[in-house]
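Shared chain: chain A. Partners: chain B in the first complex, chain C in the second.
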Partner chain A sequence: MGDKHLRAGLIASGTVVALVLLVGIISPFVPYDPAEAVNYDQQLQPPSMAHIFGTDGQGRDVAMRVLKGTEAFFLPGLFAAALATLLGALSGAVAGYAEGWLRTGVIGTMQLIDTLPRLVYIILVCTILNPSIYLIAFVAAILFVPSIATVIRRRVEALGSEDYILAHVAHGFRPVRILLYHILWLQCRPMLIRQATYVFGYVLFVEVALSYLGDYGMQEPLPSWGNMVAQTRELGGAGIWPWAFPAVAIVLTISAFLAFGNLLARADEEEVR
Partner chain B sequence: MSRAARLAIAALRRAAGGLLLLVGATFVIYITIRSAPGDAIDAISPMGTPPDVKARLMAEFGLDRDPFTGYLAWLVRSLTGDFGESLVFSPGAPVMEVALPAFGRTLLLSASALVVCLILAVLASLLLGESSRRQQLLTGPLYVATAAPSFVVAVVFAQVVNWAVNVYLVQNDYVPPMWYPIPIYTESLMPYVFAGFALIAGDGLFMDFFNAVRAELTALRNAQFIAAVKAKGARTVGHIARNMFMPLLSGYAARLPIVLGGVVIVEYIFTLDGGGYLLLEASRERDFPVVVGISVLFTATIIGMNLLADIVRAVIDPREVAHGG
Partner chain C sequence: MSAELPLLSVQDLVIEFDTRQGRRRVVDQVSFDLAPGEVLGILGESGSGKTMTTMAVLGLVAGEPGVMGGSIKLLDGEQQVDLLSDLDGVLSRKGDRVVKNGRKWRRTVHKRMQPLWGRMMTAVFQNPRHSLDPLMTVGAQVEESIELALPDLAADAVAAKAVDWLDRVQMNQPQRVHGSYPHELSGGMCQRAMIAVALARRPKLLIADEPTTGLDTTVRAEIVELFRALLEEERRSMMYISHDIREVLYLADRVIVMKGGKVVETETADNLRLGRGTRADYTAMLLSAADLPTGAAA
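== the complex of A and B ==
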């Protein structure tokens, strides 16, 4: 891909990512009472100046619910992305650098976690524990550690025999410093960014999916993009605004985060070269 | 030792590793059950379960013993295919009698959707592979379109089709029906086709496959032996196809777990009588033996697919065998 396309993609996806981050940060400070928002005089209105995304079956402003719906996944997503990246980078580095039983043990554990079907396991956990979204995000993070660790381990193994790393070893740098700074921070940063956006996107997907299904996610009247899309079940074909905007928000956010991570990583890789 | 014998040994080794992983994964599932707060038996049984059923559940899941021996007892029973009896979904029926046919349908749906996706990816990379300009123009929109979660695609798709049918009926002076064409006829094939479409179009599956196929194709086209074939004036199609087959098979097996993640909710949207729908319904009604049985089936399938991908990779690349891995 050319430089121009890379920049255009970065700007396009970056705008959406920035918008989501902005909305996610200001949303908790916007006062909203889901019970008071109900207004049966204004059901299923199309978009207008008063309600830019229209209103839903109970006359609630869709734009406001899309905004408040970010709260359902925003902080859990950031938490999971940070946790998975941290654990994945550390275990990948350990597995790539260490030898003997430690390496075997870490790789075995990673393989084991990797065999669990992610969504099915999350639903199993939900059935047993009926957990909060943070616990779900925690489980999602753990389920993503193997894929991050594998990428990092391959990189660490490849770098371990590079001349300049050997030179660092010869200079007497401590292994921890070489591993954490020279390998993980300087060389693996692009991959970690990419993987972190994947995890964030996955937590968004899980939250939205569980809320859509209705048993374990965000419960009405609290808004989530998932339970907004689920309104198709009650509305039938009666109105498209209540679910079309959240559906678009889901698609745009997930694809923007994935694309932004990918492009940022690619730009960073070209920088490193 | 001949290459075939070495391959067979490598395959056996991997199969043993896969079995070990299955034991480990079922242990994780079992420990998850045991981690229920308070009395585990209350967490896993539906409301108002009679005491004798509770006692049977306790015994079945080994909850009356310590986690380790409890797991071993549960594992031994599970290995004989005995996952207990369904409590709510179809009371009294052995779990596997309910779960296996449903899961079979899920597997058939996912596998055939992935085959269609593979064919589309190959066609797309044959059409677009040469021209980088067209490709770049298409990549962005295609990327956004296919990154949507498959269940969102399914919801939107069902709405659009229902709306279109409704409009058609009104235009032709039929009375618009109260029901919707999808999902309603669970015994017809149509919802399965729609579900398959959603699986192909969602979860970034197509783009992922397309990129992989294109990279493989480009590498092959630039390979020296293809240049040699061209220099001899022979046709390259056969050579490329033969060398593409194994990587595609490996990529196919590696991607089936992704589809199995999406299919759970898509089945629920179209009310298809499959493993994912069964899992969600059983989870809702706290039919715990069924939930566990289905989870084990999904896990075993993923391990099997990873194993297949691994063995295919070993067949393609003799180095993997030489390393004894």
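== the complex of A and C ==
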């Protein structure tokens, strides 16, 4: 991939990511009362100057609900991305460096977590606990730890016999510094960027799936992109505006985050090459 | 009293590896001393055990069971530290073979070596291209080393010192090299950088393990000249490992010749150069192959 394409891709996906971040940050400060927003005189209006994304079946402004809908996944997504990356990197580093029971224990735990598909775990947890989105995000983060840790562990193991790592040891650098700085930060940073954006996208996907299915996730009248799309079923095809914008937002956000993570990682890799 | 003690004293070092054909002894009862300020050359072909001996001194022998006997004493201040003093504790007898608790041994070695690595000794390895961190600029690596040696130094002083070190290893345009990544440099420049990184750490003993292997002939000569210049600038204790007798004789005060895991000869470089005294067959062969006087046969 050429430098030009890389930069164009980064700018395009980065714009969407920046927009989502911006909206996610300001959304909690925007006052919104879903009960007051109901206006049966203005049901299912197309986009106009007054309602740029139109209105839904109860006359509520769709743009406002798309904006407020970010609260359903934004902070939980960031939390899960940070937690999964941190735990994955550390447990991978420990498993790659340690010997004996510690290594066996970490690898065994990872394999145990990896026995079932992720969504099955999440639905199981939902069925048993009827949890908040934060608990779901926490579970999602834990479910991503094994895949991150495995990548990191293999890297640590491979680098352990590299001459330059041996040289670092011979110069007297502490193992913690070699692991955290030379291996995790310098060598694994692109991988971790990729994984973090992936986990964020996954939390959005899970929130959408749960809200769409309806029993778990965000409940009406509070908005989530998932339950907004779910309203198509009740409208029976009466209007596309209530669900078209959140649907586009879902697709655009997930793909922009994945693309941005990938391209940023690639740019990071190519910086020194 | 300490003036008489050697900086490094290796006695009866034994290193073994388990192979598919059984246990193989790659270093067999190797002994030598290195006095403070002395340059000791270790000469031998590949498989002679010279690199393994070096790695044992560094506490970096990889492979099982590894070091199986002997002592490696380092002079730290007034005190001699035996790097292998706990070896007997991890060896046990199983039938007719001696087994080693590798994990326990690695932990012991690591704990003992951590305060010694860098401060007492460090190494310049072969393959200069692989010995530098590919993701750090050369300057940052020299600076890392300086910071470890002199933790109280201010950041701008560290940066200035790094450029100074790059200059001392005779790097052209040290300022530019400071900001370059290893892949942007030639093999010879990488080795110069590696020498700067190692010396900036201020080790009492510098170990150069075949530092010219894999370099072009002219570049090899330049690196050897650099070592010579650095030794003339400041007397350093150094182990110089090579398979090239000319390099070793040019740099070393004293030479040990290894073959098949054993020391076949220990002699001063002067005597070897001038053909004085009696020679072991293998040394005589190396000398004559290099068109040097072989002296009398042993």
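Criterion: the second predicted complex is superposed on the first by the 271 of 273 C-alpha atoms of A that agree within 3 Å, B and C clash if a C-alpha of one lies under 4 Å from a C-alpha of the other, contacts with A are read in each partner's own complex, and residues count from 1 in each chain.
Please note the rule applied: a contact is a pair of C-beta atoms (placed from the backbone, for glycine too) under 8 Å apart; a residue touches a chain by one contact, two chains touch by 3 or more.
This one's a predicted model, so the numbers in the text were calculated from it and none came from an experiment.
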item	value
Partner chain(s) touched by A:Val208 [first = chain B, second = chain C, both, neither]	first
Partner chain in contact with A:Ser161 - chain B first, chain C second, else both or neither	second
Touching partner for A:Gly100 - first (chain B), second (chain C), both, neither	second
Chain B versus chain C as contact partner of A:Arg118, first or second or both or neither	first
Touching partner for A:Ala170 - first (chain B), second (chain C), both, neither	second
First, second, both or neither for A:His182, with chain B first and chain C second	second
Dominant toucher of chain A (residue count), chain B or chain C	B
Shared chain A surface residues [contacts with chain B and with chain C]	none
Residues of chain C that touch chain A when the two form their complex	58, 60, 62, 103, 106, 110, 114, 116-119, 121-123, 125, 127, 130-136, 144-145, 148, 181, 183, 194, 197-198, 201
Residue ranges of chain B in contact with chain A within the complex	21-22, 24-25, 28-29, 32-33, 35-37, 43-44, 136, 139-140, 143-144, 147-149, 151-152, 155-156, 158-159, 162-163, 166, 180, 204, 257, 260-261, 264-265, 268, 279-280, 283-284, 286, 288, 291-292, 294-295, 298-299, 301-303, 306
Touch list for chain A against partner chain B, complex	1-2, 5, 9, 12, 111-121, 123-129, 205, 208-209, 212-213, 215, 229, 232, 236-237, 240, 243, 247, 250-252, 254-255, 258-259
Complex contact set, residues of chain A against chain C	99-100, 161-164, 166-175, 182, 186-187, 272-273
